[in-house]
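Letters A, B and C name the chains as they come in the text, with residue numbers starting at 1 for each one.
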Amino acid sequence: MAHSASLAVSAPGRVARRRWDGVRNALPGYLFLAPWLAGFVLFTLGPTLVSLYLSFTDFDLLRAPQWVGAANYQRMFSSDPKFWASVSVTLTYVVLSVPLKLAFALAVAMVLDRGIRGLSIYRAIFYLPSLLGGSVAVAILWKQVFGYEGLVNEFLWFAFGINGPSWISNPATSLYTLVLLSVWQFGSPMIIFLAGLRQIPRDLYEAASIDGATRRQQLTRITLPLLAPVIFFNLVLQTIEAFKAFTPAFIISGGTGGPVDSTLFYTLYLYQQGFAYFRMGYASALAWVLLLTIAAFTALTFFSQRFWVYYEDDQR
Amino acid sequence: MKTISADGRLAPEAIDRSWRALPKHIALALASLAMLYPLLWMLSSSFKPEDEIFSDLSLWPKAVTLASYVEGWYGLGINFGRFFLNSLIVSGLAVVGNLAACSLAAFAFARLEFPLRKFWFAAMLGTLMLPYHVTLIPQYVLFQKLGWLNTFWPLVVPKFMAVDAFFIFLMVQFFRGIPRELDEAAVIDGCGPWRIYWSIMLPLSKPVLAAAAIFSFIWTWDDFFGPLLYLTDVANYTVPLALRGFVDATSRSAWGPLFAMSVLSLVPVFAAFLMFQRHIIEGIAASGLKR
Amino acid sequence: MGMKASRRDVLRFGALIASPAILKLTGAGALSSPAAAAEPGRLRIAWWGGTDRARRTQAAIDAFKLGRSGLEIAPETVGWDAYWTKLATQVAGGNAPDIIQMDYRYLPEYARRGALRALDDLVPSVIDPSDYVPSVLEAGKIDGKLYGIPMGMNSDVLLYDKTMLEKLGLAAPNPEMSWAEFATLGENITKKANRRGYFGSADPSVMEPELEYWVLTRGRTLYDKDGRLGFTRDDAESWLALCAEMRGRGAIVPADLAATDKITIDSDLLTTGRAAITFTNSNQIVGYQAVSKSKVGMAFHPKGEKPGEYLKPSMMLCVSATAADPKTAAALIDFMVLKPEGAKLLGVERGVSPSEKIRALLAPELDEGGQMQVEHLSQLSKRGPAPLPPAPPKGAAEVTALIRQAAEKVGFKQLTPQQAAEQLVSEAERILSKA
């Protein structure tokens, strides 16, 4: 983690001073952290540990859990083809949707940052899809676009005389329509990018244009580097969200993960196991495997920071 | 700064009025249509008679009726305004709680040095990674033991304890974008951490606080699972819970009222968005921060 | 460089952390009302359903309370999907509602796990279903004990677009129709309607109840008494092959349309105007008619060798194992399903009553959908329904998903009917042996 920026001075000859600082500095740190720490211990830690325990049990929700050791984990990797189907669906979704969504959100945020009239209206309108989530209205829209007589097929028929399939409900293409859905709901990262763009001091651009920098140079030398912490945030969070994607599957299959498991997202499968098939122990094991996977991805992203993210508070 | 007026809007001379802005506007307007479609469909469905909603998906209702709004408002036996009030209370408190508690934690992570900081930071991120489905039941048991079922407490109190790590991490990233020279100067002036947090960090972080407020409000407003589990008395229902009361996949549903009330329920959310987004735009640039 | 925390800072912290306390001052209802729990004098009743059901149920509850001062009854209601998540969480948390509306398919899951209270000791003293259709009451029993009191009965049926068939000049499905005739009808609808994306019938192979119908007509059941698979690979293969043939002829929808059918009323292909015929439970006709511009008709399935349609409960009422006052809970159930006053308030919204007395009482008040149900079910009784199949075992929900999967694999031509049937049977057996 690049979180090594420190208030404590670390010259070798000043160990004693540092220790004193440590004690003195611990207090305000923990005071500021206190609400979170209390919430963490009270509301999060307990249930999390319980789910870890349950992952080693057979728990059908209604009767007391039975300890089964690592059986749930073994089963997952050795004899559950659906697990692998859901892994493949989820990884495809993560790899495609995250970069596309971020690129789109960033591009739109830059357009909507400043310069033309009516921006606040556009911003609000562009945030709308994110407000609607997985509602019936969104499902209808997706059917209207990618369905049997959807816009895409009308276009194909009109332009090429091709009779297209129902993209949204064909196992070969359904997941990709959900990737597009995720890109279309780009509102949250867009807002965060906007806030990030606003944090970049204007005078940098003024100075740069006085020095004769082109727009492209301003983008690569000022905007992107100064936006890096925010890009990093969106990257980490969108990756986590994509791994945990749950509602999009309801758009097409109403939560079955069909057709033929083509939209069986990992958390959807986990939910089915836990609440439809009454196997909360197995569901918990699935959840912990997901947690470890996401943690590994996140750690890698954090590690990569040293190559591309610069913080104002870094002392280099 | 010269080009930005006091209310954060661009001064007229900064706006590109020339014909060059026209293609941009056309592109944005077209894109807006793609964004607006579901809303328009919902709006049109809310005026359609029920037997037309799914059988005829066009945007223009053949017959317009206001019945859905009337039926929706009183449909659940309790005036729908009650659900709006409940949602407003829960969402409003969530905004306050998230902003206060998460900014405190974020300040600690971004600016203070203390033992185990990295450990706590990793733990905080870790809470984002576990799918909530497997903690639902232990959490439910916990709130039951606390005697908080059928109250707003389970929906609100955790927000005051910064349980939503998303916002902490978000604020950490923005706090770290604020030059350290500022607080170093303040320390020299004899300011403690509280003063730095309150008088330097928060004012300079308006855009991110506004973004966090938007998300807090909207996500709490839209939350379905929490209210579903913790609120049982209809009088305590929030809007999304009440909305689901209209539909049932296996029997006769009230689709018209569902869409009518869904349209209405977007109004406060939209208002919250417009209210807070002004502050995103004001931004740090307007405060004239020099490096 | 150090940062000092002054005492004032600490106080400010205290204020921030304690701020939930200000919530009390807002005086909103949910911030002060007591927690729900099993307490005498207070009953909680949970059901899934829409607004119409909520209104009717509330009216019945209010009527029941009239004679009993001091009794408080708290209703909890949501739609079908959310209902099961909430119920599972409540039961797991030891906080189940006293009275639980239960689906036929979930009854064994909850009863066998000890979440429900057997009602045998309260029958007939508190609840007296002696004039129930025997097979329907039987469906409320698990392992010989009565757990669920059926509220209404239904049967698996065909629904068809009457208006469309009349427009096309085609005869409505008749009770003696064979599968071959059904296929021809479907094909004719598709041809005569001649609209892109419009077909004769929805795809029955993705629906578990339709496979059940098929195996019943072949003298088998989905599951046997011991919870094992009750049908053979041959049964499944012939069914998948029949549907594949109909799909090939355009009599039923292609696989990509079938995939958009989420087995809900709003996504059903009849509702969305993609097919003229669909398959569902008889009591759902009310929901279908409400969202359809056409007249919706009800018919029997294509006839098989043996009867395949049977009477089953549309839904039941159960008492939680943790109910503090099961007697009053049972009395409320009795009031709603067997006392004329309560039954009148509920009407036939939950299906036609299995009690002869109540059926006769409600007959004059039936609307068109209700009349159709009564008419259809009495015809079914005359022609001889199939015997009630054994209750679905644990793991049945997973097998339901497998059935749909097998149908989709055939539909999208990933597997032949033979391969899909083989896979279905072997995986179903594996699941059932573990459950």
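Please note the rule applied: contacts are C-beta pairs under 8 Å (C-beta built on N, C-alpha and C of every residue); 3 or more make two chains touch, one makes a residue touch a chain.
Fair warning: this is a prediction, and the values are worked out from it, not measured in the lab.
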- Once you've mapped the touching chain pairs, tell me: line, ring, star, complete or other? complete
- Maximum number of contact pairs occurs between chains A-B
- Roughly how far is chain B from chain C, going centre to centre by Cα mean, in whole Å? 36
- If you average the CA atoms of chain A and of chain B, how far apart do the two points sit, in angstrom? 17
- What are the residues of chain A that contact at least two other chains? 7-8, 21, 25, 28, 32, 34-35, 38, 61, 136, 275, 280
- Item | Numbers and ranges of chain B residues touching at least 2 other chains | 100-101, 104, 112, 137, 160, 192-193
- Query: For chain C, which residues are shared contacts with two or more other chains?
  - Reply: 1-5, 9, 13, 16-17, 81, 85, 92, 262-264, 266
- Query: Where on chain B is chain A touching in the complex?
  - Reply: 1, 3-4, 10, 14-16, 21, 24-25, 28, 31-32, 34-39, 41-42, 45, 57, 100-102, 104-105, 107-115, 117-118, 120-131, 133-135, 137-139, 142, 158, 160-163, 166, 168-170, 173-174, 176-180, 192-193, 197, 207-208, 210-211, 214-215, 218, 222, 258-259, 262, 266, 269-270, 273-274, 277-278, 280-285, 289-291
- Under the touch definition given earlier, write down the residues of chain A that touch chain B in their complex. 1, 3, 5-8, 21-22, 25-26, 28-30, 32-40, 42-44, 46-48, 50-51, 54, 61, 111, 114-120, 122-129, 131-133, 135-138, 140-141, 144, 184, 188, 191-192, 194-196, 198-203, 226, 229-230, 232-233, 236-237, 240, 243-244, 246, 267, 270-271, 274-275, 280, 283-284, 287-288, 290-291, 294-295, 298, 311-313, 315
- Task: Provide the residue numbers of chain A that touch chain C in the complex, in ascending order.
- Result: 7-9, 21, 24-25, 27-28, 31-32, 34-35, 38, 60-63, 136, 143, 147-149, 165-166, 168-171, 174, 252-256, 258-261, 272, 275-278, 280
- Query: Which residues, counting only chain B, touch chain C once they are in their complex?
  - Reply: 50-56, 75-77, 85-86, 89, 93, 96-97, 100-101, 104, 112, 136-137, 140-141, 144, 147-153, 156-157, 160, 184, 187, 192-194, 196, 224-225, 228-229, 231-236, 241, 244-255, 257
- Note on the structure: Within the complex, chain A is touched by chain C residues 1-5, 9-10, 13, 16-17, 81, 84-85, 88, 91-92, 109-110, 113-115, 196-197, 255-257, 259-260, 262-264, 266-267, 274, 394-395, 397-398, 401, 404-405, 408-409, 411-412, 414
